[in-house]
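In this document, chain identifiers A, B and C correspond to the written order of the chains, with residue numbering beginning at 1 in each.
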Amino acid sequence: MSDVVLKVKDITKTFPGVKALDRVSFDIRPGEVHALVGENGAGKSTLMKALAGLHRPDEGQIFYQGEAIEVAGPLDARRKGILLIHQELSLSPELSVAENIYLGAWPTNRFGVLKKRELRRDATAALEALGCGFGPDVRVGSLSVAKQQMVEIARAEAFRANVVIFDEPTASLTDSEKDQLFHTIRGLKARGVGIVYISHKMDEIFDITDRITVLRDGQVQGTVDTRDTDLNQITRMMIGRTLDTYFVKAKAEFGAEVLRVEGLSNRPLFEDVSFSVREGEVLGLYGLVGAGRSELVETIFGVRRADAGKLFWKEGEIELPTPRQSIDMGMALVPESRKEQGLVLMMGGRENTSLPHLRLFSEVSVMNRAKEMAVFEKYRSALSIKTTGPDQAVSQLSGGNQQKFVLAKWLCADPKLIILDEPTRGIDVGSKSAIHELIAELAEQGLAVIVISSEMPEVLGVSHRVLAMSEGSVVAEFEGAAMTEEHLIDAVSHAREPVAAE
Amino acid sequence: MEQRFKRLLRRHGLVVAFLVFLAGVAFNADAFLTPGNILDVLRQVSITGMMAVGVTFVVLTGRLDLSVGSLLTLLTVIVVDQHNVAGPFPAIVMTLIAGLCIGAFNGLLVGFVGLNALIVTLAMLSFLQGLVLFYSGGSNVNVENAQDTWFAVFGRGEFLGLPLPVILFLVGAVIAGLVLQFTTFGRRVYGVGGNETASIFSGIDARWTVFWTYVISGFTTGVAAIIMGSRVMGAQNTIGQGYELTVLAGVILGGTSLLGGSGSIWRTVIGISMLGFIQNGLLLLGFPYYVQWLVTWAVIIVAVWIDLGAKRGRIFA
Amino acid sequence: MSHTSTVTTDRSPALAALSWLLRNHIWVFLALTIIVFSLASPYFLTLNNLGNILTQGAFIGILAIGMTMVMIDGEIDLSVGAVLALASALAIGLQDHMGVWPAVFLGLMSGAALGFLNGSLVALSGMHSFIVTLGGLIGIRGLVFVYTGENALMVPDFSYTEIPEIYLGPVSLTAIIFFGLALLFQWVLSSTRHGRETYAVGDNIEAAHDAGINVKRHKIINFTLCGTLAAVCGILLSMRLGTAEPNAGRIWELWTIIAVVLGGTRLQGGFGSLWMTIGGVLTLAVLRNGLRLLNTPNYVELMVMGSVLILALVLDKILNRREAT
């Protein structure tokens, strides 16, 4: 056997409009943990799906134990010995642990009757090899997430996997569960399994991995030994893009306070968050995925219910509002997921634009179509939205144009505060800078703006002030000259010392 | 050219097939396309049509109402019985109020408690059937002074040469259509059906929206019951049995999606009228009445399949 | 023995017992109804009457077996009542031409064929099974009428009605067939590849597909089973009555769904078992029988059924919320 178990060579995968992977090559040695890091959209998940047979690469080859292979699908990958452990677990909650380990590949006789004894025996062996604290007959749905994950890992034992790919495995684990997982991973490693470890959490990556490959914009930025590098270098490789985007920052002329949040909590998503934002100010909210940023603003807006905390609107305390009350006060939330939270996809731009403000667009409950049309036309030209007409279903538009309609729908009622949650995710460069310019323009008109982004240059480029969030708390605040990438990185990575477990 | 013809057939194939059917029947049965016969068809369609108008609201939010058949029976029994007890006007008022209340109860369970609409309205179907027997004591009721009551006007009357039930149905459909197309409520219905989460993020209270659609469904069933009671001048305990399915078939045939968010009253009127004309045409051609069920089956499957294909084509092409 | 009775390692025995009870509330329900009716009527707890309950329940019960399989898949079949009527009409109507058993066989095949048709339409078109089988419910009834011409068909030789007159104590052959089939299919669900696929498909269709399960073929098989079982029910009904009424089995699909949902099988799929369905079927039968014994007017039965169903749904909702936390 060679010293490389899996080798990816020059893989390219293009989706309409995006080159998700651009001649990516890397390799995994037996008995190593190899981290794959990069920002959202860097190509990690596409690469992983290509390895598991969910995507067919346009070009390039995959070598497994020295031979070129084609992976037909997850089951095929599993049979070959490549196991993908997805963030959303691929388990059937009502089936037993043993049945889930062998999902779809149960031992049966030729009449399709399960060989239960064999199934149980093999599953027990796999569970024992991992040191799981539960038996093969337990219903998976009754297990904690961590234990469900162990069931997936047990597939590695059961199928004699030589490569195991973990995608954000610790996203919903407690610290002690994480320790248990790492123990298991070290066990796999000791048995010569090659492991790919995908995560946003840098402390974990330095804790467990041997080598790190950094992806950015679908290209490999380099592979380094974990021993020989540090957080700063990795982060720089991840985000150190050439400054091809020019950010316009609004003039720093601030008015009165618009919103103040005191001690807002929605456990376990976030806890004891306080901040305020003024007229004309752009407040950035930076944090890695899972830091609780979206949950925080959704709670302020009223889509989620807080369990503690106070809100002050224009310096007067208010009760925690419903979304309707928030909108009527002059708050606007451009949500994280355009398709799920932002738009009714089968409606046209006109109807989507007026949806949050039906009362403004109607007299005695009758819609004023002329007014709707006027507003639609106004924003179509102001934001240069490309659509064939007011009733073309927004599902047919590109991501950038869809996002512009989400903006139109919130801007048309002249809000006092606009919250933008990942406003440029998944849209083309042109639309991106249009949105950046818009943010500056809005602030100069006197709106208070909150921008959430996991793209550091964007947050730093558009905001006057930045809050760093990590694991549900605001860990630092930067203003003026202190707003640097180094400081932000320090803030979100150093805060990641384990919180004392109960 | 050929391409365009194919597209046309794909998008409007059902209408084309329907027109061919109409022409075929008209060719073989002279009476088919006469004004008198068309009015007859519409008269028959008016009751299911009235109910379908209300049910369309429910379906547009992505829910179901299977209780309307039993509700029709109950309300018809009530309107006929109360006509004898309290007179026509109080009977009508009571019927409509009862319809509203039961609709509200459905709306409460589905909209606010968040129970599965299929099962809730199925349970109501059973419950209301029980209520019918409880109310009527198991016997059929008849209007006592059937000869000289103005109540007869709803089922049998005419206005400007048009049957009054047809006018009621069309007026109801037009009002409902206007409400859906031009009011804030209509917009909320489409919003909740199209994307409930996005609607909540837009400050729409989905619970109330769903609630009101059931109230509307209860109300239109009340109106249908008045037409029914007036036409039959009596009510049997099984008078509305199976109507929920006919109504739903009409709504689906019109192309309103069970997933919610797409469809219209206009489409429902077309769908339910198509069912009426198919039924009538087959009878005129000398087929026994049950042959229409076979045709309905085929038409529903083909219609929905084409619709699905067309939508997919539009989204992914 | 039933896979639902697994004890979780995460909780104390008391909590585990509570959890079991919450997942199997139908048996508590059944016990309660039995207690109430035996206190209320001296005729209830007689062997004879219990035998009657089983026979009465068996017809809906056989339909409910197929419905359970389809529902665990996350689908629904509204056409079972009509399929039943067609099978029953064919089994009687064809006897003149070909003799008893070939006619019965063809009746069975008609159910299988219609089930196969339903399943293929669902799996291949991507239409919701609710629409497909709603169409079937209307159209297949039309087929029945076309065949019978609106008249009830009479069996030519009344020895046909004696076929099911076999008793094991108070238990009729019909009831035995119901329990036999229920146990057989519970075994299929719990011990065969197809059965475990049913849960996998209903639970997490993505995972099932990724694991290489042929979801389409799988669904077609279950719809075919459901149609075949409906035909079995129709044939047994024709034997019991000696006639085939074109309106036989009307709204039985609703009773069937009520029985299955009452048992605890979830409409969303992935959860349920035939043990639960047996519980639901028996509860329904006991309720109907008991209320009749008490000479309550028949509206009480309908109203109780409606209320019980909503209650079961509310209970399920509360229970799910508990499980989620």
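We take it that a contact is a pair of C-beta atoms (placed from the backbone, for glycine too) under 8 Å apart; a residue touches a chain by one contact, two chains touch by 3 or more.
Molecules present, by chain and UniProt name: A = ATP-binding cassette domain-containing protein; B, C = ABC transporter permease.
Since this is a predicted model, take the numbers as computed values, not measurements.
Q: Taking each chain's centre as the mean of its CA atoms, which one is most distant from chain C (ABC transporter permease)?
A: Taking each chain's C-alpha mean as its centre, the farthest from chain C (ABC transporter permease) is A.
Q: For this structure, which two chains share the highest number of contact pairs?
A: B-C
Q: Distance-wise, how many Å sit between the C-alpha centres of chain A and chain C (ABC transporter permease), to the nearest whole number?
A: About 44 Å, centre to centre.
Q: Centre to centre, by mean C-alpha position, how many angstrom separate chain B (ABC transporter permease) and chain C (ABC transporter permease)?
A: Roughly 30 Å, centre to centre.
Q: So in the complex, the part of chain A that touches chain B (ABC transporter permease) is made up of which residues?
A: Those residues of chain A that touch chain B (ABC transporter permease) are 301, 303, 322-324, 326-328, 333, 335, 340-347, 351, 354-356, 358-359, 361-362, 365-367, 369, 395-396, 409.
Q: Please give the residue numbers of chain C (ABC transporter permease) that touch chain A in the complex, ascending.
A: It comes out as residues 3-4, 6, 8-10, 19, 191-194, 196-197, 199-200, 202-204, 206-208, 210-213, 270-271, 323.
Q: Hey, which residues of chain C (ABC transporter permease) end up touching chain B (ABC transporter permease) in the complex?
A: Interface residues on the chain C (ABC transporter permease) side: 76, 121, 125-128, 130-132, 134-143, 145-146, 149-150, 250-251, 254, 257-258, 261, 267, 297-307, 309-310, 313-314, 317.
Q: Going by the contact rule at the top, pick out the chain A residues touching chain C (ABC transporter permease) in the complex.
A: That would be residues 54, 73-76, 90-96, 99, 103-106, 108, 111-114, 116, 133-135, 137-139, 141-144 of chain A.
Q: Okay, in this complex, where on chain B (ABC transporter permease) does chain A touch?
A: Listed in rising order, the residues of chain B (ABC transporter permease) that touch chain A are 182-188, 190-191, 194-195, 197-205, 261-262, 314-315.
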